[in-house]
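The letters A, B, C and D name the chains in turn, as written, and every chain counts its residues from 1.
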Amino acid sequence: MNPTTGSTLSGSDAAAARCRIGARMVCRSFGAVRANVDVDLTVRPGTVHAVVGENGAGKSTLMRMLYGLDRPDSGSIVIDDAEVELSSPRAAIDRGIGLVQQELAIIPDLTLLENLVLGAEPRRAGRIDWKAARASADQLAGEAGVDVDWSARASETSIAIQQQIEILRLVYRGADVLILDEPTAVLAPAQADELLRLMARLRDAGRTLLFISHKLDEVVAIADDVTVLRAGRTVAQLPRAEVDRPVLAGLIIGEGALPTTTVREQQAGDDVLTVADLTARDDKGVQKLAGLSFTVRAGEILGVAAVAGNGQEELAEALIGIRTIEGGSIRVGDRRVDRLSLRRRRQAGMAYVSADRKHEGLALSLSLADNAIAGPGISGLARFGFFSPRRVRERVQQVLGLAAVKYGGSGDPASSLSGGNQQRVVLGRETIGRPRVLVASQPTRGVDLRGIAYIHELLLRARADGAAVVLFSEEIDELRELSDRILVLHRGESSGTLPRGAGRAEIGDLMLGHGGAPESGEVRA
Amino acid sequence: AGDGGSSGSTDSAGGGSAALIIAQGGLGDESYNDLAYKGFQQGLADNGMQGSPIESDDVVGQGEQVLRRAGDEGVGVVIDLEYSHAEILPKVAADYPDTDWVLVNAEAKGDNVASVLFQEQEGSYLAGALAAMQTVNTSDPKINADKVIGFIGGAQSAGIDKFAVGYIQGAHDVDPDVKVLTAYSNDFGDPTKGQQLAQSMYEQGADIVYAVAGGTGTGVIQAAKDANRYAIGVDTDQDGLAQGNVLTSMLKHTDVAMETVLKDFADGSFPGGQTLQLGLKEDGVGLTDFQYTKDAIGQATIDKIADLKQQIIDGKIQVWNVVDQGYPDFYSGN
Amino acid sequence: MIDAILASALTLSVPLVFAALGGAIHRQAGVVNIGLEAHMITGAFIGALLSGWTGSWIVGTIAGVVAGAITGGIMSLLITRLHGNEIIVGLGFNIVTFGVIGYLLRSVFGVSGTLQPEGLERLPSLVIPGVADVPVLGAIVSGKDPLFWLAILAVPVLVWLFAHTRWGLRLRATGASEPASASLGLRTAGIRDGAGIIAGALAALGGVALSLGTVGLFNENMTAGRGYVALAAFYFGRSRPLPTALACLLFGFFDALQIRIQTSGGFSADIVSTLPYVAVVVVLAITGIRQYARSSRKIA
Amino acid sequence: MTRLLEAVRNVAVHAGVPVLLALVIGGIVLAATGANPFAVYGRLATEAFGSPSRINATLAATTPILFTGIAAAFAYRAGAFTVGVEGSFVLGGLTASVIGSQMGGVPGPIAIVVTLAAAVLAGGLVALVPALLRSLWNVDEVVTTLMFNFIVAGLAGWLVQSFFLAPGQANSSTEYVAESAELPPLAPPGQTNVGLIVALLVLVGYFLWMRYTTIGYEFRAVGSAPRFSTAQGLRVRTVIATGLIGAGLIGGLGGGAHALGVVHRYSEGFSASFGFTGIAIALLARFNPIGILVGAILFGALNAAGATVQLFINLPVQLIDILEGTVMIFAVATFVLPRFLTRRRRLQRGGAA
């Protein structure tokens, strides 16, 4: 059926099974962009089905159509073996389908319980029956094996909890098909594992799950079937038996090999970033950094590992100046920067890759060019306050070229790029000025394999150029691969600093606060 | 207004065409503009003339172009109620000698320009004198023993304080010990504010409050009714709005002025180059005849008021005119 | 003196409280209502008219509220269905409404600015026996009209409705995140229209309080910018019922105070009358600065 | 060619349809009240653009709202929603009147420049407190600027009443400005004056600022993505303060030009809510300079023609208001037809990319 079907397609088996939800020959274009081309998908009831593919392969578009948020140009959506028209999410909901989008539909101002029941509130005598709501919430949480403080405001809870609430909400509303668009992208490994366990439990209870992921390990770990999309087309649909990492990677990438990351040995230079006795609080006033000290040298990558909530976000924000600190000092070279504004810090040679790409990394409504030149460095592109069009053009081309961004025109809005390409723009912009200090927070979140390799390349290039890089990542393996040293945070303090080559277990122990004293000489007060 | 029928002024039928430039506050101010418009309509009808009122949301800035447009169209007589046109009207009038121009509330020069000035301070003087006499008339249940009366203006400006100062002067001439409270609503269409201001004055011992504040004044009258005290109305005869609680009204016959001007124009005796002074003498301003409050006031007081009126007409009493003379020492409103 | 000021402050606050609560509800649903002034004047107009025709304040009040609900609904439809910018639609709606009422007054009723319908019945004042003579308290609570009590009641009721009803929850959700609510299947446009209708109705009730409450007549300018003050109040109170109402009370208090200061003499009326506005800026500045000092994250 | 077509269609959709709809609705009201809509509209058109002197009147009415429109757009671009241009316009006008009246004997250009400079400063002063509160402590500017309009109104009244009152005037106003300080009319006796040229220069400045300067870039960034701008180390506070104060400065200039060019003094009713009309114009134009100009001319034409049309047709000014409000509302509304067109446009743009 599918013209690009590879030899590995075993669609015939899948087709034999009843199809709980799926697609036949679905096409969807946005202008010239063919997001989905003749896509086929068959999800067997009671299974976990993974959809994988590069950024922009068309995964989210397909999910949106399955949920009635978008409609195919041609082809059809299949539910329970029948071709159907989904005119709106309501139609999908009525058929027992639920979607957790890439953008969370959690309403920050509401409590978790309110978020759970929103749209399907139990009522008694005209008012919401909070007791009944609470009872079903507790029951759901119990069944799912999660522990939730229902009266907490969503904005005060972690993204992992919010993600769980989204899923529980679908169950609460009686969804029996759960579509999850990159549910683990923003989760720390431990949180992701928990989510995967939740998914498995839901499947075991008879539900059908369809999820998107860039993390092949978790696909291999949990999926019963995998569909691979490439450039909008289905290239393979594999049963669990045939799924393994290299096979998947090959199918996702298609022609051409995955660029490999090679970390060259390099002698680190002088101390560039010196942090001493840093203390800081989070938005709620809870102390998150308690007397943290460390240094990073020129040409060195310091990885920071921590279980979510142990102060790494606050550290990243404090380093660049988004968060004011309570005590301690931050120096770049000999210069104290902790009282400087973010702008001055950047002028002093600091650069920042924010974990919040959509709000802090990019201005999605502005053009690519505008995004590429952002920063205090714009004055260098101007004479007497007026932009030099030539210099701007050159700079835009440098940034986009450096990061090998795939784009239409530099005047297009940043929102038109796929997530991976968006992140490349950020990395390109932050490294082009050869920063002395680069604070990179979750730089590969939600990025596909090829994009990850490229971003790693950019980070290593900054290191080679003599930057002191502080890398925050929830991927332990990423930290291990890139970092010259790994600083492990536990409750806002350093629980140790490990050299290159440290094992996962060793890092994991420190993350939990076990393990011995930090190696002497590695952490200086 | 309202019937959108065409009344082109170029085809000047009958007695000719006229235009009335409405001043700030616009039609619906329940005083100056409305009253002038009433007289204007009457004048048109009486003299078989055609014409319409012209309102603009930006009458200050647009004044000149509107006047010129009227001149271009050969309107017979243009009556301008907006005081701020005192500079531009003579200029425009000089450029359009075939049109007659009338400026109300300010003086302008020119052979084809007539000015109409009201001596509101004279009528207000009588109102003040009456209030000062009445506030000690404790035989009246609406009156307390305190020698306190009040004045509420729509905005603190010379045009309003012309009333205020005449009122205070009249009160003090009768009894220097009478205390006159003054306040301003900063709004000519806010009855609630007027009611609150008046109520506050009544609480402070005032029993008579003179309101020169357009639609805001209706709130003052309401407060008088609720507190069973007195208000003094302005411009038109407001005595009937709350019978027995409006002591009197200070009439200002803008309507009569309009009718007179239009009649003169129609008769070919337009008073170009002249200034019409409309004071007590000309019956341009004055008090009502106390239809509902005669008994409460008493004949003696009424006679005294008539006497004061005559003295003003005879020039024996000079009433202070804020517009011409600036503020006197006895006014302490700011 | 102080009880007179308090009593006056309460009276002046009632119209503001209704309009501001209406605005707060609409804001909670995600729409900034610039048209409160229009809904208020509509309520004041229809309220006075119907009270005059029927001689019943109850009919007048209900009619005013219904009229406000209709104008609120129309305005909301322009925003939700035709996707008009809420600020422009609100500004335009104010202009049109005042134009239409002014036009009707002249063409249909043959009056200019003020309409005093024959037989208009004002809101009754409820004298509470016993309490009336208690100092301060008596002045504050006795002799008030039903709308005063309704305004007081409205605040806790609204708090409760927000927290405990489907309507309240969905309203807050829609306002906090429209796309998220829509993706949960909420009819967000409908919810906003509902809020717009209620905002119109409440603001109109504020208008009724003006025309049937303190004075018992209609003037085409009688709202006198109160819709904008109400706007400031719910901004100030971050659309929460109690702080919003307190903001109105603060404004009413300083308005009553400036009236007393004026009538006591010795100060420029122009300067004194800015007191309520200065007070709002000062309070807003103090609370804002304190709040800013407390947060450590310096990003918008 | 296709670009031109698209531009034409853009204008047709964004300006034509709403105006048409407003005319239809206004027409219904007119017809219902017994007037002939076509006659009224025909008159309105000739009164707005029918002769050089009428065009002059329209442009004179355009000038103040062009200033306030630019002022509002300037702040909004920076993400600061000021409603305080009205206050700046008023205090600018008062200041220019007071200073201008002292300029007797001073040569024209100097008198004008000094006077306008004072007006500009006064306008900026009005915006200063809200600007500082917002940029330093994030205190909401909508409420503070709104409050400052009321405060300025009281302040202006007090200043005129207590210090600058000209005698012999029925209502409070200042002395006339010296002749040397008046902005010369462009085509006497029409009221359009050099102020229009100044406004157009400011408009060009606005365009250059937003398009070609680094600070203009920061305006766009801060206005559309404040968190991004903070994280990038853009001058967020400077931009917001500059936006708000700049709007005040431009508003003050507008008030000054209105005083020196048209009214020649400050008096009550000096500003016919020009600051608020400016908000509408800026939003309608979506901050686009050409759009601001077109919007200002549209409202200017309605104002100018709305007054003089009453010379010919007995039309209450309320009908003009209704028309104006309806145009505003429908100008921002999106209808089924335009939405369909937008969709097609998007597809086509996609095709071109």
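Odds and ends about this structure:
Rule of thumb we're sticking to: a residue touches a chain if its C-beta (ideal position, glycine included) is under 8 Å from a C-beta of that chain, and two chains touch if they have at least 3 such contacts.
Each chain and its UniProt protein: A = ABC transporter domain-containing protein; C, D = ABC transporter permease.
The structure presented is a predicted model; accordingly, all values stated were derived computationally and were not measured.
Shared contact partners of chain A and chain B are C, D. Ranked by distance of CA centroids from chain C, the top chain is A. Compared on C-beta pairs in contact, B-D and B-C come out with B-D as the pair having more. Distance between chain centres (mean CA atoms), chain B to chain D: 35 Å. In whole angstrom, the spacing between the mean C-alpha positions of chain B and chain C is 34. Our note on geometry: chain A versus chain C, Cα centroid distance of 46 Å, whole angstroms.
Remark: chain C and chain D have CA centroids separated by 29 Å (rounded to whole angstrom).
Residues of chain A found to touch two or more other chains are 322, 342, 360. Those residues of chain B in touch with two or more other chains are numbered 1-3, 27, 156, 186, 334.
Shared interface positions of chain C, defined as residues touching 2 or more other chains, are 102-103, 106-107, 268, 270, 273, 298-299. Chain pairs that touch one another: A-C, A-D, B-C, B-D, C-D.
Chain contact summary for the complex, chain C toward chain A: residues 164-166, 169-170, 172-173, 176-177, 179-181, 183-186, 294-299. Chain contact summary for the complex, chain C toward chain B: residues 4, 8, 11-12, 15, 102-103, 105-107, 112-114, 116, 210, 213-217, 219-222, 224, 256, 259-260, 262-270, 273.
Chain contact summary for the complex, chain D toward chain C: residues 33, 129, 133, 136-140, 142-144, 146-148, 150-151, 153-158, 161-162, 226-227, 230-231, 236, 276, 279-280, 283-284, 316, 318-322, 324-335. Touching chain C in their complex are the following residues of chain A: 69, 89-90, 93, 99, 101, 103-110, 114, 117-119, 121, 123, 126-128, 130, 169, 280-283, 285, 317, 321-324, 326, 342, 360.
Every residue of chain A that touches chain D in the complex is listed here, in rising order: 30-33, 320, 322, 341-347, 352, 354, 356, 359-366, 370, 373-376, 378-379, 381-382, 385-387, 408-409, 412.
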